[in-house]
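Here come two complexes built around chain A, the first alongside chain B, the second alongside chain C.
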Partner chain A sequence: MEFVIEKKKIDKWLDDLKKDFKVIDIRGKALPAKQYFLPPKQKTFVFNKKTKKLSCPEYKKEFLVFGLGLADLEAMTQLDEIMEKPYSDFFYWQKRNKSLIIGLVDESIEVAPGGDVILEKITDQQYRALILTDKGKAIIKDEFFDKKDKPSIKNYPQPDNPFKRMLLDSELLAEAVKWSLNHKIWDKLGEQCLGCGICTYVCPLCHCFSIEDQVSLDNKECSRCRQWDACTLPEFSKVAGGHNFHKTIKQRYYNWFYHKFVRAYHEYGKSQCVACGRCRENCPAGIKISEVLKEIVDDYKKHLSAI
Partner chain B sequence: MVPKVAIYDFTDCEGCEVKLVSIREKLLILEKRIDIVNWRLGQEDNKPGPFDLTIIEGTPITQHEVDLLKKLRQDSKVLIALGACATLGGIPAILDKKERAKWYKKIYGEEYKPRGIDALPLSAYVKVDFLIHGCPIDENELIRIFQELLAGKTPAYRGYSVCFECKQANNPCRIINGQPCLGPITQGGCGSICIKGGSPCYGCFGLRQEANVKGLVEVLQGLTDKKEIERYFTMFLSRAFDK
Partner chain C sequence: MTTKNIYQPFKIKIDKIEKHSRDVKLFRLVGDFSKNKDGTVFMPGQFVLASHFGYGEAPFGIASSPYQDSYIDLIIRKTGILTSALHQLKAGDEIFMRGPYGNGFPVDFISGKDLVMVTGGCGIPPIAALIEYINAHRDRFGRVYLIYGARTPADLLIKDKLKQWEDKIKVLLTVDKPAKDWSGYVGMVSELVDEIKIDSLDAVAAMCGPGPMIDALEKILRPLGISDRRIFVSMERKMQCGIGKCQHCVVGDKYVCQDGPVFYYDQIDKSWG
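For the complex of A and B:
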């Protein structure tokens, strides 16, 4: 049995869901879905100087994030893993546990990459619901979905993405990026990169943050905030006492790649990249990250064959 | 002990002081923790120094103002520049010196001896302990810096570019759409207010630490001509462009 929704009914369904959930439609948003679970700026806890008590903001209302594509869904599954291992990130899960993730995918799905429900395009006017969790099951209402035994299903092939193919061999990527430390490409990127941090903000998997403490203007409470950091920024690798581990953009840019492709491979067995293409689309300096990676891999292969 | 605070202004539009007033009820909270002993714009009863903290808006463009700035430095434990005129030279520093010389002659005649001094940031004359950037300043940043000072901390500059807040505001990126913008090299804290309103970033929050000015100029050269790029930089960051 399949649950099929007419394309034109999707918005009405979302309106209906607003009765029970805060509905966030991420279509057309510059920042990826991570922003709702790991916000750009977040107060983690507050200390009241008078009562000497700590309090933590609570999130009561369930919310629903709608409109994730295939790469975004895959990224959320991976981000969940990062936020679970080796230590569970309390503040992330505080929000994540209150949420539902609904995918909207215009290509035919081979393996469902994550989320609670995915609407998969089956004809030009229809989507079918792939129900992946109990939470997801509860929001599929008869009012909007038709039960069909054998609906007609057209094939919408996923566009060929050479970058995605490259990610399949994350071991090779890890070796290549590690090897590339002295590659000339980093000198070029060190000059080209504006260090604005956009690539990390728009990345659905970048999750580094910095901590900032504040004392309120009336001196009654102190709070600890965390906010997104970006490894290309000069403060990123600075420690107490002023020492900076990565003094130049070149070093910091390499570190970004190292974290995504080398460290991530050793820690989680895969690259922290889903080939969504956002970093490339949003880079004001026009750096094509997929091509950077390709150049490194090609040169590494040449290096291997020359040995 | 309640710190003694003075607020002075040199040549400018006084808009950043208006921003200070516009924090409204927060100004009343702040006023309980500090003693504003001298504020020409805000009160009638003003006392001379020494001061624990002096906040200066505007830029000196007469010898009298320069002398006063130097005296205020001597009289103050901490001196903070308020707004782009004080931190970068701001609007008065946009002036084209060649044009000025031409008009001096035309209006006042060959004999005229100019008395004005070129607008420069306060730091060109005295040591400035912290810069509260902006044209005008941002209320939340102002409050943050007061919070830091009153907590006994050394205030920190924003380590990120305008782009961080611009992406959060979901603004379409100007540069990607072929329009010049100085956001990537400019310090954040403004909430990307100009870009939100459809204007480019002209860098009134000053350069971000270790900003790649050369890299951005190269990007801008692909979007517009040299004269236009120079015009963008002359708004607030002419000193960065000259380098």
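For the complex of A and C:
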């Protein structure tokens, strides 16, 4: 039995869901879905200076994030894994446990990468619902979805993405990036990169953060805020007293790659990249990550065949 | 389902503050610390994240005895916003804390062996905790040396402790700029090696730096014949979360907050700096 929704009914379904949830439609947004679970800035604790009491803001409202594509769904599954290890991240799960994730995918799906429900395109006018969790099941209403035994299903092949193919061999990527420490490409990138951090902000998997206190203007309370940080920014590894463990852009850029392709492989068995292309689209210096990786991997292969 | 909030700090009272040098103070924080089954409240080399609301949170190595369950000592140099704010506090004030975090020195491995400890200036806290641990059952360890360096004699911290420890371990003090009445050593000099009598095949070193580290390594530890695998180093890095999430303290594949702060030297020598 399949649940099929007409394309034109999707927006009405979303309107209906608004009765029970705060609905966030992320189609066309520059920042990825991580922003709703790991916000750019959030208060983690609030200290009242008068009562000397410490409180932790509670998050109560259920919400639904709609419109994630395949890469973003996969990223959310990975981010869940990251936020569970080595300890459960309280503030992430506080929001994540109150949320539903709905994918909208215009290509035929081989393996459902994550989320609660995925709407998969089956004809030019129709999507079928792939229900992945009980929470997801509860929002599939007869009013919007037709039950069909054997709906007609057209094949919409995923466009060929060489970058994505490269990610399949994450072991090779890990070896290549580790090997590349003294590669000339890092000098080039050290010159080219502005160290602005945009690539990490738009990345659906980058999750570095810093913790900073903020005092209200009336001086009545202090908030401990957790906010996005970026390992490419100059102060990322600088300690009080002034010593900076990653002084140059080159060092910081390599460290970023090392995290995504080497450390992530050692920790999780895969690269922390889903080939979504946001870093490439948004880099003001025009750095194309996929091409950087390709150059490193090609040279590594040459190096291997030369031994 | 409620998840435990790993970031939750708890309130802790300052019992007393001692001024130890021009810009360093010792803070004694009182509380009821729960003991582990071996009777310690933390492992020497572990750290806490101490915070003062409005000024931030930062990691500090614990300097008191791991067997002391009614207080812990933090030795804090005034360097940034948080430490400056802490320096303005008085006995009776309250701050916040979470931890202890990190691995600590491998005391079971060190047990039965000779030990040379090297540190400088504000690197003393984790080493001090290690000495207190050793002195609590001195017979379990071989010959024990502390080489403690500072810029000037006035920059040597916890002087009363240094005096007290002399009964049980050999304390060697060295400064870069001696004062007139200084009778100790000047710099991390090779003469220090002559003072140290150890069985180099069964000896371990513990350091907390980075100050005198490289010098000490070249001029003292290597000439003594201690292998890199047996040199344990407590590392300093920027930390925000303390629990392996925020990525600030990472060196290669290691999280200084979780896998460290104590590493053996050949784990980290290539990524030093």
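Heads up, the rule we're going with is that the second predicted complex is superposed on the first by the 307 of 307 C-alpha atoms of A that agree within 3 Å, B and C clash if a C-alpha of one lies under 4 Å from a C-alpha of the other, contacts with A are read in each partner's own complex, and residues count from 1 in each chain.
As a working rule, contacts are C-beta pairs under 8 Å (C-beta built on N, C-alpha and C of every residue); 3 or more make two chains touch, one makes a residue touch a chain.
Bear in mind the structure is a predicted one, so any value in this text is a computation, not a measurement.
By the touch criterion stated above, A:Trp93 is placed in contact with chain C alone, chain B being left untouched. When the two structures are aligned on the shared chain, A:Phe45 is found in touch with chain C, with no touch to chain B.
Legend: residue contacts after superposition of the two complexes on their common chain; A:Leu233 is shown touching chain B, with no touch to chain C. Put chain B and chain C next to each other and count what each touches on chain A; the higher total goes to C. When the two structures are aligned on the shared chain, A:Asn155 is found in touch with neither chain B nor chain C.
Of the two partner chains, neither chain B nor chain C is touched by A:Ser305.
When the two structures are aligned on the shared chain, A:Glu191 is found in touch with chain B, with no touch to chain C. By the touch criterion defined above, A:His259 lies against chain C but remains apart from chain B after alignment on the C-alpha atoms of chain A.
In the superposition on chain A, A:Asn182 makes contact with neither chain B nor chain C. Look at A:Leu31: by the touch rule set out above, it reaches chain B but stays clear of chain C.
Within chain A, the residues touched by chain B in the first complex and by chain C in the second are 215, 229, 236.
Only residues 44-45, 47, 49, 52, 54, 56, 83, 86-91, 93-94, 97, 207-213, 215, 222, 224, 229, 231, 236-241, 243, 245, 255, 258-259, 262-263, 266 of chain A touch chain C when the two sit together in their complex.
In the complex of the two chains, the chain B residues touching chain A come out as 26, 29-30, 32-33, 143-144, 146-147, 150-151, 159-161, 163-164, 167-168, 170-173, 175-176, 181, 183-185, 208-212, 214-216, 218-219. Chain A makes touch with chain B in their complex at residues 29-31, 35, 40, 191-198, 201-202, 214-219, 228-230, 233-236, 249, 281-282, 284-286. On chain C, the positions that touch chain A within their shared complex are 1, 3-9, 11, 51, 53-58, 77, 79-80, 82-83, 94, 96, 210, 236-238, 240-241, 243-248, 250-253, 258, 273.
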